[in-house]
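A, B, C, D, E and F label the chains in the order they appear, each numbered from 1.
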Amino acid sequence: MEFIKNGKRIDDRLPNELRPVKFDVGVLKRADGSCYVEHGGNKVIAAVYGPRAVHPRHLQEANRAIIRYRYNMASFSVEERKRPGPDRRSIEISKVSREAIDPMIIKEFYPRSTIDIFVEILQADAGTRSAGINAASVALADAGVPMRGLISSCAVGKVDDTVVLDLVKEEDNYGQADMPIAMDVRTGEVTLLQMDGHLTLEEFEQALELGKTGCASIAEMQREALIQKYRGEENE
Amino acid sequence: MNDVIAEIRKDYIYALAKRSERADGRAFDEFRPIQIEAGLIDKAEGSARVKIGDSQVLVGVKLQPGEPFADAPETGVIITNVELVPLASPSFEPGPPNENAIELARVVDRGVRESGAIDLSQLTLPDGKVWLIFIDVHVLDHDGNLIDAAALGALAALLNAKTPSERYGYGPDAALPIKEYPIAVTAVDLDGEKMLDPSLDEETIASSRITVISGLHGTLAGMQKSGTGTLSIEEIVRVVKLASSKAMQIRDDFFGGFTNG
Amino acid sequence: MEFIKNGKRIDDRLPNELRPVKFDVGVLKRADGSCYVEHGGNKVIAAVYGPRAVHPRHLQEANRAIIRYRYNMASFSVEERKRPGPDRRSIEISKVSREAIDPMIIKEFYPRSTIDIFVEILQADAGTRSAGINAASVALADAGVPMRGLISSCAVGKVDDTVVLDLVKEEDNYGQADMPIAMDVRTGEVTLLQMDGHLTLEEFEQALELGKTGCASIAEMQREALIQKYRGEENE
Amino acid sequence: MNDVIAEIRKDYIYALAKRSERADGRAFDEFRPIQIEAGLIDKAEGSARVKIGDSQVLVGVKLQPGEPFADAPETGVIITNVELVPLASPSFEPGPPNENAIELARVVDRGVRESGAIDLSQLTLPDGKVWLIFIDVHVLDHDGNLIDAAALGALAALLNAKTPSERYGYGPDAALPIKEYPIAVTAVDLDGEKMLDPSLDEETIASSRITVISGLHGTLAGMQKSGTGTLSIEEIVRVVKLASSKAMQIRDDFFGGFTNG
Amino acid sequence: MEFIKNGKRIDDRLPNELRPVKFDVGVLKRADGSCYVEHGGNKVIAAVYGPRAVHPRHLQEANRAIIRYRYNMASFSVEERKRPGPDRRSIEISKVSREAIDPMIIKEFYPRSTIDIFVEILQADAGTRSAGINAASVALADAGVPMRGLISSCAVGKVDDTVVLDLVKEEDNYGQADMPIAMDVRTGEVTLLQMDGHLTLEEFEQALELGKTGCASIAEMQREALIQKYRGEENE
Amino acid sequence: MNDVIAEIRKDYIYALAKRSERADGRAFDEFRPIQIEAGLIDKAEGSARVKIGDSQVLVGVKLQPGEPFADAPETGVIITNVELVPLASPSFEPGPPNENAIELARVVDRGVRESGAIDLSQLTLPDGKVWLIFIDVHVLDHDGNLIDAAALGALAALLNAKTPSERYGYGPDAALPIKEYPIAVTAVDLDGEKMLDPSLDEETIASSRITVISGLHGTLAGMQKSGTGTLSIEEIVRVVKLASSKAMQIRDDFFGGFTNG
């Protein structure tokens, strides 16, 4: 399979170009905060509940909130129907996503409580964990949870020996490497990093830099979406 | 439902009901605004998002070739599942479907199956397999009356679906053979008053709920009472008539084009 | 399949006729109350335990008893061996059966406690949920649980365009409609109503009336069984 | 067992045991009355209800054609399950079988299997399948010594069973090839005294229990000690002899006709 | 299959001969006590934790420690890969093994606590429950848990109408009887006894005696292993 | 990890780190002694026990013929599982794998799979089946850095494995086609200091951990950050380089003979 032709990728993007991304803030009534994200073919919705009481109680922490994060795929989000409920992949993604978001939340403000983050993947097309983290980060802000910063995430990868930004499904399945990253772009703090495939050290450094610019673009859109939301509210 | 609604709110809603009013100003037989948007999920063979007021469900239909049941070898198979994901309500918890999710799924399933909405005899495949139809209801926002939203979403997603025949080498893709348009209409009982399309508050404080599923020409196709309240036979007959005529109106509004065929 | 010939059904009953029904009260030693029911080919046993302490404790209600109801089919109760344990069908039936019985129990007498109702289907031949409710209602009385009334249940259905009482398996499987109903026949309060199939509004009204007479006959037998039991005890 | 028996009741039973008496007046080697009723469940291929005193179990045997184990292609398959449903005792809880139910099922299973009660080599079918024999023990009332009741029920239900050959197109229905009549006899130890067929009270306070399964001619086919009490080799030998001779008597009483064949 | 030829068994042993057995005490760092056993082809490791706090708390006993015992087979321990996690067999073995060990532990010393015994079968070749009990018994001593005595276990069986000690896999699979036994050899108290197959009463008595001598040999090795361990510690 | 390490111990380790020291006297880039012993388990097709300091894992590889995935019919299948059995640590509990066990299994799995350690295209069988490779990691003693021990054990057990071809009638047994030697090296961050091969204490108090899996010639094959600490890009690059060069050294020490081929 040839992934890059005349400098363009299979969906006509440049190697360093993100797919179209759209954020919609406050899309759910019941949740304390929510955000819908379309990122290429990905359709993802995040909701935040909390701070609220922790059940069962032995999970409580005396001097800070606990953070829970549940990444879940709808049965119809992928080509072959997925059996409902958590599988090993979604349990791992929930863990690393939680750890990616956790350091931004000022947990000390809410002892003995929980902040629950729920991410539903409605349609999947490579990069769902990043899209979920991006949505969750905005949903936390929408819920008014005090944060040190926003977390922005994207994947970098390698196809046809070229480091590229934001893989689509085919690039992910048949490419040479995939590396999701999440960071607070203002401070440069990386909170999620995973990689698999084959990268030389030079490619890896290049990929990190490319990921940084991708995250920066995402961060810009996240901020814009939140501003729109609050502008909208003021005008109401 | 674990929602705790303040005593005062409950008294308020009951007091309103006595004066034939509802908190959101609707008439007793009035639905909140309904929106149906079909085809949002390309990865599914059919899909529809339904909003009734602030309640929101996304239904995906997946089709795959599979084995028929041994006692019905010439018949397609329907599998309906409802996920009450914790994103949709503070009262939903992660884990396998509880009795509410299971009841919801089974009422929607029977509405589709027993009404004969799909001509399952047309879903055989040349190699002895049949189409398995997975109807997955993903609840996104729970503000009351999920059952009517889910049933509406299931019907709209089925109408939106195409068999993925080409992918499996069975010739051209085709729409599903839809023969009936079952519409669920739910009422709750508040101190004897019956209200259609209950809001979350109404649903939470009501002692009983009855869902009536009816088809073209008003035929009754399904019914489910739930809750620990009781109803007299006269009350039941009255609600069933009301629900069936409301269902005709919803069917006309949203599926008028189809049902003329 | 022809269901009605010369006004008689496949098991020779009239359209408005119940199958033979037999109640046996107090058949178990360990349970606080029990009842065995044969209803046509159905063989069902119900046991009641309680009022007793609730575990786990967070299920307790401060000012009333909670009611639990478990409908369970023995593996050998049906043609194809059923895998033991609850399935989706039995979970739904347990819920609607609990809701059918609950309004009759004076729960306020037993705060912080539970009344547990267990129904085992030993042999199934259509109408098991009704048979279970009928048995449970008598077992509650046998256990001395204070009740507002007895709940009586039966199914009505449609075969060959005729509304009939108390379907057998073949009528249930290949008929046109099935409608279980449960009520307190003295007050006319309906506590369970389910329906699937095809009924016109007229047929539905007819079915409700037929169901009412079926429940009334059941109620008569329930009362008779309880009287026999207490007569028996007095004579001991 | 979670049953709490008042200290006083315990002392009473121990005091009785010292005087060679039991609370219900039985001799130490005496069973409560046994009742066996076969064929109660038409939907099962075989069934039997066994009462020992107030303990009551219902055993159903289902047969269906299925795949043999890869390492025994010419051998029928036995699957034994015990359900301690919460209907039968205040100490039973809903949920998957706990260690007591599993032990009970496995002892009954081994009793049938290892004694050679069924000639499994005769259970092959012409198409390479074999009969799968499901022995399901449904406990209805637990008043002690379930294990002997369950084993007795399993044997009686197997004797009552007919292969559903016609239903599956394998020719006429037939009885199972029963070759051995394993009978379980259980004793408990109360301060050194051994009592057969323990009542619930005796079972609850006993520190150990031993079940001996024996066949025709007194051959030992299975044994299971349970509980945290200890037994000397002499005690074991004594109990085993007692149980084996009691088993002969039970076999004669209930299966005399069969075993003469 | 012929199991005994010229008085020797398929692995060249005499009927009353144990397989080679090796005990290694204190092989794990994290556990409070541990023991590795090779018994013929069996490779088994036992660890003891405790006395320690009981979770969940409702399992606590006011005046004594509770004993928990988990027998677990590694997936790779048997010919056909075993699916991880407890199955019915391992649940039964855990129960009878716990009951075999329990009477030796002086539980009254540690109210409200638990002593946890974990046995992992790394390779299985008939007799794993006995090997596990033997390892557990030594691991308990290694952990310093106060005991009334050591429990020693072995299996006896019947092949070619001969009562033999310590079956190997083929003898177990195709032989005529299998009878695991566990006892405190100093007092003669039997704490575990299971049997299946066919034994006459005479064979059974013979088997019990043979089992007693097998357990006595095991007990000798257990004591030796513990002495070695403490000698080793003194010399350090 | 639920281990509670006294505040004082934590302060001590941090204070040491500030002085570029570790509690056990190692340099920051120094591993504890590594021992690899292959072939301990005859019943497995391949096995290896790895000790890193007092941490100890046993890895078994089982091979059996099975169905390939529908979308990769010519490709062998790898299934990796990690059991954190309660024998190995007071903080491990019985039950299905928790998120830590699952993450561990998946990182090891990706290290083997994505590095191309096994040429899966050579694992087809003449009858359309393929070899299923089960890599089961059984943790025996958890004293920190299980991930590097597990990955090392998986590689050593795969190198030790032989296909059981004869048993299944596929001709002579053969070694697996190993093409790459992925080595995992893990570092933790303590107040900005990076330490390789963290001990349990270090791992417990560190805010983040990063595992780098690299192959022959230092190619990066996998990476996993975990924990709630953050790292700068510069820190990451530094650790990755350090880990990759340490991996070469471990590979040379233990697999030098193989990798020369």
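Basically, a contact is a pair of C-beta atoms (placed from the backbone, for glycine too) under 8 Å apart; a residue touches a chain by one contact, two chains touch by 3 or more.
Just so you know, these numbers come straight off a predicted model, no measurement behind them.
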Which chains, if any, touch chain A and chain D both?
none
Farthest CA centroid from chain F: chain C
Suppose chain centres are the mean of their C-alpha atoms. Which chain sits farthest from chain E?
B
Taking each chain's centre as its mean C-alpha position, how far apart are chain C and chain E in Å?
51
Between chain F and chain C, distance of the C-alpha-averaged centres to the nearest whole Å:
58
Euclidean distance of C-alpha centroids - chain E vs chain F, Å:
32
Just say which it is for the chain contacts: an open line, a closed ring, a star, complete, or other.
ring
What's the ring order, kicking off at chain E and moving to chain F?
E, F, A, B, C, D
Chain D residues within the chain C interface of the complex
40-44, 47, 54, 56, 58, 60-62, 64, 81, 83, 85-90, 94, 96, 134, 136, 138, 140-143
Footprint of chain F on chain A - complex, ascending:
88-89, 91-92, 94-96, 99, 102-103, 179, 184, 187-201, 204-205, 208-209, 212
Quick check: in the complex, which residue numbers of chain F touch chain A?
97, 99, 102-103, 105-106, 110, 113-116, 210, 215, 218-233, 236-237, 240-241, 244
Provide the residue numbers of chain A that touch chain B in the complex, in ascending order.
28-31, 41, 43, 45-47, 49, 52, 70, 72, 74-81, 84-86, 116, 118-120, 122-124
